[in-house]
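Below you'll find the structure, written out as structure tokens, and then a few comments.
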Amino acid sequence: MADTWLPTLITNTPQEGFELAITLSRRGVKYTQPDVNVLKSLRPEYANSADSLTAASHVIAINFQTVAAANGYWRK
Amino acid sequence: MADTWLPTLITNTPQEGFELAITLSRRGVKYTQPDVNVLKSLRPEYANSADSLTAASHVIAINFQTVAAANGYWRK
Amino acid sequence: MADTWLPTLITNTPQEGFELAITLSRRGVKYTQPDVNVLKSLRPEYANSADSLTAASHVIAINFQTVAAANGYWRK
Amino acid sequence: MADTWLPTLITNTPQEGFELAITLSRRGVKYTQPDVNVLKSLRPEYANSADSLTAASHVIAINFQTVAAANGYWRK
Amino acid sequence: MADTWLPTLITNTPQEGFELAITLSRRGVKYTQPDVNVLKSLRPEYANSADSLTAASHVIAINFQTVAAANGYWRK
Amino acid sequence: MADTWLPTLITNTPQEGFELAITLSRRGVKYTQPDVNVLKSLRPEYANSADSLTAASHVIAINFQTVAAANGYWRK
């Protein structure tokens, strides 16, 4: 992937940081399966499964740990 | 999601921090599947499965690590 | 849940900290499924499955990381 | 459990720390299923499954993070 | 593996760090199954499964935590 | 296990650290199932399964976090 999609881990707010964690989670999928059509075809599989949604939230939680630490937890 | 749902990671007590961790876990699901009706329809699937409940508790535990660190573990 | 069940993460000993980690893990389940009767009915499902017990120990391990860090690992 | 099984997280060597991580992982199981006979009966289920053994090693790895941090990674 | 594939964890940008996390994740697989032909034959199995892709993204997220910490989160 | 297999977490390079993480992951399995013949018999089960290989890489990633932190991320 030649484009720049991650110039920094710094965000203005915790919520933007959480959204960046979602981006990181999706990019982890996309690097492994770059075909957008395949990804779209898989969406019903996980978007309608409680366990798959929990697994997605799990990955987001891990990436949010990283983003939150990078931002000093937006303490100030 | 245009609304502000995460203005800060700081909470007054560990228990409020744990409840924020639950919010984060649910938001991770909701960003992936925003349709509230689908989410409601999936509830019986995981709320009556021991393994699904353990998986939910797992995600909460990870988010609680983040919130607890942000709050300096409420040491004072 | 209106009651106060988590006033602090500080414990006197590592063992009490481990037991607090178990409480946190169980609360993560209980917030998701508050019906005690359902929880009781699910017990045979996980208490007799090696993989479910490993998953339970996994969540405890993550919560113990949090509690141990909060207590400075009880080093003194 | 009334007995004291975890007086400290400090160990003399990394290897003893790894073995303490195993103890923590097993205790996480035992708090959830205290019946030793049940635990013994489950052993063939996980001790002969590659995925179950990987899951066991996973929990040990998480507990080892905690023990290693407690010991300052035995750097000196 | 005699070749040097990991001389440093330091990268110039977060995005390069994320790509290094992908490399680490793949190497973890390759050390366990060094046969490239087997790895290729398994690709359809996980590249077309939502849950497998989420699991891959999960491992990347964990390795990215390590790389990000190593780089001080590229804060400057 | 009476032999000394983990005298230190310090390694000269990140790559040696990654290989130590693999050793830790395997030892976690071996402590749970010490019978080498059983372990060998299980190899085809996980070495030819994409999900099992991802799970193996997952455990390595967690142990690598520990080893990397122990070594100050080999920053100098």
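Each chain carries a letter (A, B, C, D, E and F) given by its place in the written order, and its residues are counted from 1.
By definition in this document, a residue touches a chain if its C-beta (ideal position, glycine included) is under 8 Å from a C-beta of that chain, and two chains touch if they have at least 3 such contacts.
In this text, all values refer to a predicted model and were calculated from it rather than measured experimentally.
Looking at chain D and chain E, the chains in contact with each of them are F. The mean-CA centres of chain B and chain D are about 27 angstrom from one another, to the nearest whole unit. With centres set at the average Cα position, the gap from chain C to chain D is 16 Å.
Looking at chain A, one finds that residues 46, 55-56, 58, 62, 65, 69 touch two or more other chains. The sequence of chains round the contact ring, opened at chain D and continued through chain F, runs D, F, E, A, B, C. Chain A makes touch with chain E in their complex at residues 4-10, 24-29, 31-33, 38, 42-43, 45-46, 52, 55-56, 58-59, 62-63, 65-66, 69-70. Contacts from chain C toward chain D in the complex involve residues 13-15, 18-19, 22, 46-51, 53-58, 60-62, 64-65, 68-69, 73-75.
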